[in-house]
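Two complexes are shown next, each including subunit A; its partner changes from subunit B in the first to subunit C in the second.
And now, the complex of A and B:
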């Protein structure tokens, strides 16, 4: 078990390193100078050089890569100074000579080229919004999906069943950014007087007096847009699973002993039928987080996806790298966790390394 | 399973409760507080002005403001010794009560206004803003003369203020003299004098730019590089709160120094709310719904929906105020004047005659521009006579004749040429395609279009890696000199290995330089403008660039907004604006 976890962690670490290498060198292949991008037409050589130095772009790529890894690693080497201590927030372990120390710290992701905010700050403000959006979308999708799936199953081959199936296939076939735009146009603009919803909007907004207020209604359209594809999947899964269970012997027994239809359905059928659906729901959560990149951009909802796309547009390397690394580590950790959980739950799976 | 359903139920109830909670707090915000209060002179106090920019600002630190959005926001928070008038862009005293220029145009003397207070801020003792002193002015102007990665204003003053270069050199060695820049002298508690190396008539306009804003040393000491979003100024509004990439709210500065003719304390507005919706259509929609009080720059693809053939508002938009003015900007194609191909003046002129700028303006720009028939100075300066600077009107016959004289009769022997444009926005492409068609049809040449990202585009044009490219210029300060300066030979380095920063066409003409030098030494404005026109004409006769158009800025403003004049720099001073309590105001603001 321990061995398994260690091995998983090591391979996860290798994957992360791969991500760092890939993103870093992709950004070095693009013939765009970020220093130039932050300056205007009036930039002269000296100013551009000053900005390059400030952003750490004056060194060759390999050196910068090593510096980046050093910044990223929890155990790293720095020349001790009050500025460095404040920048990285490290605690010194021991000296390695000439003012250099081996230190321990939280990974340092650098700062945004555009507005010089710390990348970690950007991620920390953006992440909860994305997670909340994901949770609401998946909750909405589960409720609606299971409900429609059950109806389709118990009215099999009826007009209702057919229309639910056709609609759900349409739902799977369209990408979420498409439904996002359509929803925003219909409910956020054309019908805005009736729905009271905004075309675009964020979770927290400033009111007229400069105070931050929570605007939960801005979650509605993005959550629906994000939930449409999973709904369709859940409908189909629930339907086939319920049909499968309905044809089993114990259901017939339950009916035979005179249980009412709905008691049978809810107490006996659904309990068993929902197992595969719940598995699918947990699996979809990760995809929802990924899908939120487009949705957040469309609705101007300032979560992780929005920040990343904005950063890509402006070749803002530290933010893109930070967000990609963060998402990658999240996926790796979740995968390890799920593997372990399967092993614990299902005795047939053994966690051998 | 039951637990899950219960959990979901609780979650949805919580959500409902939260939604309900929000709507009640909205009503609690107090609609009555939002009603306007009448003041003498038919003015009204109150109201929050809402506006949007499609880009987020980079920095609000005065020395670091290098783009329009930061400038627009900064103008409401900070002030310099002087500021511009929103009505005609003339230089007005601000923190300085008045200023005088010596007869030789080299010495500027500013008198400090009494009772100008900094905004309240924790950086001051007790959190209360103190009065601006002459030391603050000296402190800020000295800092302007030190070149750092953050200071975008240094280039504007280094060659101009006496002792600026020496001070910078000393400061970079860590040995800045205690008395500061030698050309910036404090005469007494309320007077400061700035000496220039040579007369420079637009010096006062330069001080109205963001890097001329005055800020306290205390804020610099406390916030350092955080000044990009922490502001302590003296302007009509202070920054209350800001959400990165999303929005900010400015509220009225109760201790602002300015009063109007009736003695009313300014500003009239309670505050300004800025949002950053990144698409222009979204902005227009929000404006139409009444969520924004103005929208600047109509998206080209929506113009037919807003304006009819006579450039009047269509019925759906008739209730709004429509303001338009030629902006202080030029959109042009540059030639590599020192290249082997375009060192040929007749060829450049042939190109200039071969493009129908009127057609580009009518069809691509939907009438939102003035065709590029003049020189580099746009037809937006009141006293500048562009008619004497005739450039190139469409004339295919003349173009073909000049092409033949240039050695390429009917395009024969002309090498394949590439027009390089920067990516971003479809407008550049549409115009390039139109120009491509006109050039190939009229001159019988082969022309490719290549599209590259902006930083790469700049690099290529400056190091002469392309022959023919798109470019544009927006004025930093309202003076024709800001445009003509682009063609001074001092901006042209000896080789292509060095970047030619603003004179990327690498235009060199000693005659032009001489007239410009003469103009800058002329204190009399009318005389000076005549010389500028002469220089402009000399330049455009050589055709080092091909002006396509001078854009017209268009904006829509809600009907109840008063005293919000537009100008050719989109320079906004919300400190003088008020709302009229009309029905439209009640509909948008009180519901």
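And now, the complex of A and C:
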């Protein structure tokens, strides 16, 4: 099992390295001058040149890439100085001569061109909001999806089954930014007097006294909008999976033992039928974390996706690159987790490397 | 056996509503089951024997099925109940408790995500007031009773960690857990090797005496019936066509269908040119009425017997030729363990240093238990599995080192017919196109019109009709599908065919038809066969020479009759003694033994 996890981590690392290469060179062929962006339109040539030197933009791309890798790596080499220590926040391990040290640090993603905040700080403030939204959306989607899926399966071909199926096809067909806008319009605007919900809103809002307060109700509409497509998928997956398991020989065996209908259904059928659904849920959770860009933007919910789109609009590449790498790492971790989960849920799958 | 009736089945009618209309799966079936006896129900697939047993359990899937008439009177400890009339809630108290069932497929009949112990304990705690610890102890005892090795380990093992025979023992333990009065066994040994089958049958016989239960044993094979049943019910198309004691049925079968079933089993002592089939004893006119052909089983067999001299002459002619296929020191190993860097540290030696020759026109039988490597050997010869080393010379050329283009050429000459006719045909391709496909791939004949004509010819060769061309696989029965697979193998005019368990999934009566077809084709086109099967009686019937395999190695090789008559190795002897022979003398001996026991 440990060998299995190590192998997965190694291959995950390789994938991440690929993403780094791709991200770096993609953002370096775009004809935008970061130095100009940092300093603004009215800066003089000399100070733009200075920033360019500071960002290392005067060096060839390969050298810049190596610097970039060095910045990302938790183990890296730097020439020790108070400014560098401040910039990277490292702790020195040992000297490698001429003032250079091997240091340990959290990956350095650069700073925002806009407000010169550290990218990692921006991401870390935004991330919990996105994770909270993701967890709520996926929990909501799983409960509703599995429930409807089971109902549809045990009432196969009934009116209820057909209605659930048709609705779920509608749910799959609509993109989340569409349902997001419609939901916001209906429940956040037209019916706002009854629902008390806001058209848009962040997790923390300023109240009349200028204090930041937690506004949990602002999670409701984005979570539903994000959950609609996964619900539809879970419904169909659960339905076909339960139907498949219901026709298995071991379900007949359970009935032949004299077990009641509900024991058979909940113990013998669901335990088998939910395996594929649970893996789908984990996969969708990763997608939601990475894919709530539109929804966050529509609802003005200041999570990872919101920050990324804002950054894209203003060519704020360090934030975009950092966010892409961040999401890629999340994806890889969730996938490793799903692989392990597979083995735990189904005793037939062994976690041997 | 005393004379108390335990279960009366009276005029049972179970119907299924299908798209083709109403199917009377069980039609006016009546029989009595006495305490302590074993009734065998025999018939081919679709005869209604399984539906009868599921009706008794009230486990008919509804819709589409329903018990529409009749009574199932169960004489319980204190009073008699009609199982058809009681509601579902009451019925559950009988299931698993008074009437238990063992199913055909041990591989799929246990829930894969629960341990074997849990699944047996569940049945115990459901019907008996037992604590978890008591149930555990009881399960351990049961595992010991069904002679499972290391009961402690099996208690916590998942089904996939056990062999087929072991799983069936767990199923039996589960069925016995509440000391049922009636044990219904639906083809419990059909999916198992003969050697395992023998031990399971023995076990059921012993347990029946221990817990004083009655058994309803369902099978398509009269040979198995002869080993275990006291009385026999023969079912055909939803009706009982004959019933009587096992001795009566074997001594003097009355219904032509019973005669057909008795005659179509490959006999072990004799060599036949072909097998008698049910069709030799009865046929149907256009209105579906049965026409009986008056002949006894003995007469039919006498007609097709081959004299030893004829066999000798055939063999002399065969073995004077040079071999068409030479297998030399062939090894096929699969990696079973790898270290961190992917280097293989342990191997499964599926085929280990195997050498033999095959002569043109002969049939070489390959027999052994599951896992002995016979299937892998067949696949390695066709390069469908990778060989580790060794040589496979076909007409002097080493198949294993041939270039891709040459191999493609060779595939036309060598074909394989697989085990499962249900899954080896694509359900979305019409059978005509399925047969035509290999011809298109290899560019046989000029255009599709010519190919179509050839397909029609082929369909007729395997006793199907040209108008079947545009039908889909699901419209055919198992036997017909296997004929389609044979037709597909013939499409490239091969000379060399490997039959990998090609009749194992079929009923005995259908098996006889397919075997006869393979023999006819051999005579007609001078085919060379490698015939792979776990069933020694079938292999012996088909083969000139026989290879017995065990754990990847050849155990014994030689003339099929000689091996059967005087097997040298203990393993071969074990295989032969495990075959249910269905000989009258054995049944008489068993009946005499039983009488002596009940008398004392």
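Just so we're on the same page, the second predicted complex is superposed on the first by the 272 of 353 C-alpha atoms of A that agree within 3 Å, B and C clash if a C-alpha of one lies under 4 Å from a C-alpha of the other, contacts with A are read in each partner's own complex, and residues count from 1 in each chain.
Here is the rule we go by: a contact is a pair of C-beta atoms (placed from the backbone, for glycine too) under 8 Å apart; a residue touches a chain by one contact, two chains touch by 3 or more.
Treat the numbers as computed from the prediction; the structure is a model and nothing was measured.
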item: Which of subunit B and subunit C A:54 touches, first, second, both or neither; value: first
item: Contacts of A:169 with subunit B and subunit C, given as first, second, both or neither; value: neither
item: Which superposed partner A:259 touches (first subunit B, second subunit C, both, neither); value: second
item: Which superposed partner A:271 touches (first subunit B, second subunit C, both, neither); value: both
item: A:249 touches, of subunit B and subunit C: first, second, both or neither?; value: second
item: Touched partner set for A:93, first subunit B, second subunit C, both or neither; value: neither
item: Touched partner set for A:302, first subunit B, second subunit C, both or neither; value: first
item: When both partners are placed on the shared chain, which of subunit B and subunit C touches more of subunit A; value: B
item: Overlapping contact positions on subunit A, where the subunit C interface meets the subunit B interface; value: 271
item: Sites on subunit A touched by subunit C in the complex; value: 3, 6-7, 248-250, 252-260, 268, 271-272, 275, 345-348, 353
item: Complex contact set, residues of subunit A against subunit B; value: 31-34, 36-47, 50-51, 53-54, 114-117, 122, 125, 136, 139, 142-143, 189, 192, 199-200, 202, 204-217, 270-271, 274, 300, 302, 306-307, 310, 315
item: Complex interface listing, subunit C residues touching subunit A; value: 57, 59, 92-97, 100-101, 103, 105, 108-114, 122-123, 126-127, 158, 160, 171, 174, 338, 340
item: Subunit A-touching residues of subunit B, taken from the complex the two chains share; value: 1, 8, 11-12, 15, 18-19, 22, 25, 29, 34, 48, 56, 58-59, 66-67, 147-149, 152, 155, 225, 228-229, 240-241, 243-249, 251, 270-271, 273, 277-278, 282, 285-286, 289, 453-456, 458-459, 473, 476, 498-499, 501-502
